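Every chain is named by a letter (A, B, C and D) in the order it is written, and numbering of its residues begins at 1.
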């Protein structure tokens, strides 16, 4: 008959630093594989929309400004994203990638959750267009 | 002799048609009237165990529902397929033979609107208490948003 | 008059014991956390808990005798605080004494448990009622052995007055000469405070918060404070009797904290007992051990006298 | 006069159940005389929802049936769809699937150990087993990029490769876990005080276990040698076969021992796998439309046999996906075994099958044609706002 078999662990812990991670005061390094915020590189995109087709949560939207000249703006909804990386898998031109640094995405309002990716002037023109029409509809 | 052949021998009397959709699988078409006898034959020979009851809706045009009783023995899966009309969807309960089928039958009844007569506890298992009568979520003609 | 008010409200009863209780409560939580390799709460957590509860809305369940419901926590805390007047709090001699104050003190300390049980019984909640049954069942199982264990030193000292027993126990550590009594007393205290393994009355995974399930706000805060006061009282009593008395504040702090460490240690290596197992344990072993200790005392006294 | 019964509800909101299920136990004093179960508090209508999404999207939907055994759901689905499409994932991908599945099993069993210990009021064991569980969580994070919902699978393969440093990290972590696990086995086998809560509690004989249709470790603790990894090898289990761990006692103690011994088997399996990882591709091409047909995919989840029935009509979306989770077939045993036990044993008994309510509840969406009987979300929210405004 044995009792108190955890005694050894317990006594050892008394003289050892607690293992609790004091987040956010101390941050552990993240692995490179970590799937954080999605990033989009407009340079190589052909507008095939395969990423959008398979997105399980409708987090992506590609707004076409000029199809012939490959001018697109990607609207990305961080709040909807489930960080599954299927879009990254689907992209044949390696335009998409998930950051392992940028992962603390909580915010107190909805605005930071909508992100526009693209060339600066394209994004600006889209935002201006939305400001005029007063909604966020396509085109 | 492999398990599926054994099952085939046990059930010849009750089964209308056999198909082999995949390796290690055998589908047996059974009428609702013969279902209990077929299950009893399996149970008497202690052949495998009931792993799930699947409901299938063939659509409004076809006018039928299907209830699939999956029995497994090792890698072998025997499926008893019972086809019933949508309008009078009813199958007998197999709880007298396999007591734990109750939860599967409750799920089947509320999701497909198939009456399972003789099941010991016909109350709802999954759907909310205020779910309306006559709305069966997994039927093809039930549109949910 | 003013002096008595001071004694009642500030020191040694009242504010001092409350603060003392909160601090000890924090220390015990911290100790348990460290023993489990965790960080544990920060120093103000128990205070914050109480302050939060005091500010919370107090809900009186429908169909409950509201006056009794509100009075029980007050009586419980008052009982526990009154007991402090007879104890050598902070290593200073007890404020009041009379022959037989040990018995009164022990029963004042039990008032909290009785009130908890009663509170559960009148609450009408299912968890409360089951909790109340368990509280009272447990009370009847540990109380007799606990009392017997405290009477051991009293018997040796030939007095039932706390300060006289302590004076007799000074200089000799009775835990060495009466080890069984010491262990029964310490574990009895854990039963009193509903600490694991005797936390069946408030087993959260079974009956939520047991007898106090329906309590909220001030009522709950008072009950919790009462338990913290009792922690201080119990530790003081055992340290005074079994650890060679309490002579000054430092002595008090060191000895009670040692006991607290012991309690935390026992607490961490055990699983919760079912209520039937608790009762079985106390009556089969606890009471028996206490009686054996008594028998040994009788024999040794008989030899020496 | 009818006999008066005192019933104790456990759930849907109760500290014993961190997940929503509703049990009603009728008690006489402390002894349970009756029990019933009501599920569905976490219904998300997943089976219906699969019919409106394409094959790829469904992978992520089904992965989210359960947070703990997410990978095994995705694996069962992938294997099924691949079978329908006539595609086989490359051997290295299959091995990586097994690797993640086994790491997930470690994570699940250690989590269970903690939860079960907590139900018994043994919080120290709870804290330590969860501390050690961090080791495997970190391995998984390093390997897949996430601590839960690893998203390792894609149709036709896996997303990532296992590198040498990652293998070394896993081997290193396994050494620590192995030592800890053998310590926990000793504790649950021999610690008298803990045995009081587990030995002889919830005994299910082999005959009963077969009669009640239990599966997984719960069945193996009653001596039913059933494990799909051995009986019907899938993915790469044909090459890496574990030993089936069984116990005969059928009580809670046996369930503890079976799960912990399974962990030791798993460590062994992972080592063999890492040493013999086949080289090659990680994925093959999958068609977007899956050939019409029906298939059955059965895998061994940490909790028992997981069953998928997938039907395709040749389109981009499935016609029907049926999921039978292990918890559903184990649930019935709790209700039946409860009678005659102490109320205090109920949380333990329930924990004994390692229930996963999110796995169970996946079937419905809340919206019907009958508006008058339902609160819409907006109305409910408004009600809440008004209620508190009045109070203040």
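Heads up, the rule we're going with is that a contact is a pair of C-beta atoms (placed from the backbone, for glycine too) under 8 Å apart; a residue touches a chain by one contact, two chains touch by 3 or more.
Everything quoted here is computed from the prediction, not taken from an experiment.
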item	value
Of all other chains, the one whose Cα centre sits farthest from chain A	C
Computed distance of Cα centres, chain C from chain B, in Å	61
Mean-CA-position distance for chain D and chain A (Å)	28
Interchain centroid distance [CA atoms averaged], chain A/chain B, Å	44
Set of chain A residues in contact with two or more other chains	3-6, 9-10, 19
In chain C, residues with contacts to at least two other chains	35-38, 268-270
Touching two or more other chains - residues of chain B	none
Overall pattern in which the protein chains touch one another (line/ring/star/complete/other)	other
Chains that touch, pairwise	A-C, A-D, B-D, C-D
Of all residues in chain A, those that touch chain C in their complex	3-7, 9-11, 13-14, 16, 18-20, 22
Chain B contact footprint on chain D (complex, rising order)	36-40, 43, 45, 47-48, 83, 210-213, 231-232, 293-296, 298, 305, 307, 309, 311, 320, 322, 324, 328-329, 331-333, 360-361, 363-370, 373-374
List of chain A residues in touch with chain D within their complex	1-6, 9-10, 19, 31, 33-35, 53-57, 82-86, 89, 98, 100
Residues of chain C that touch chain A when the two form their complex	33-40, 265, 268-270
In the complex, chain D residues that touch chain A	53-54, 56-61, 63-64, 124-125, 128, 131, 134, 141-146, 149, 151, 154, 159-160, 183, 186-187, 190-193
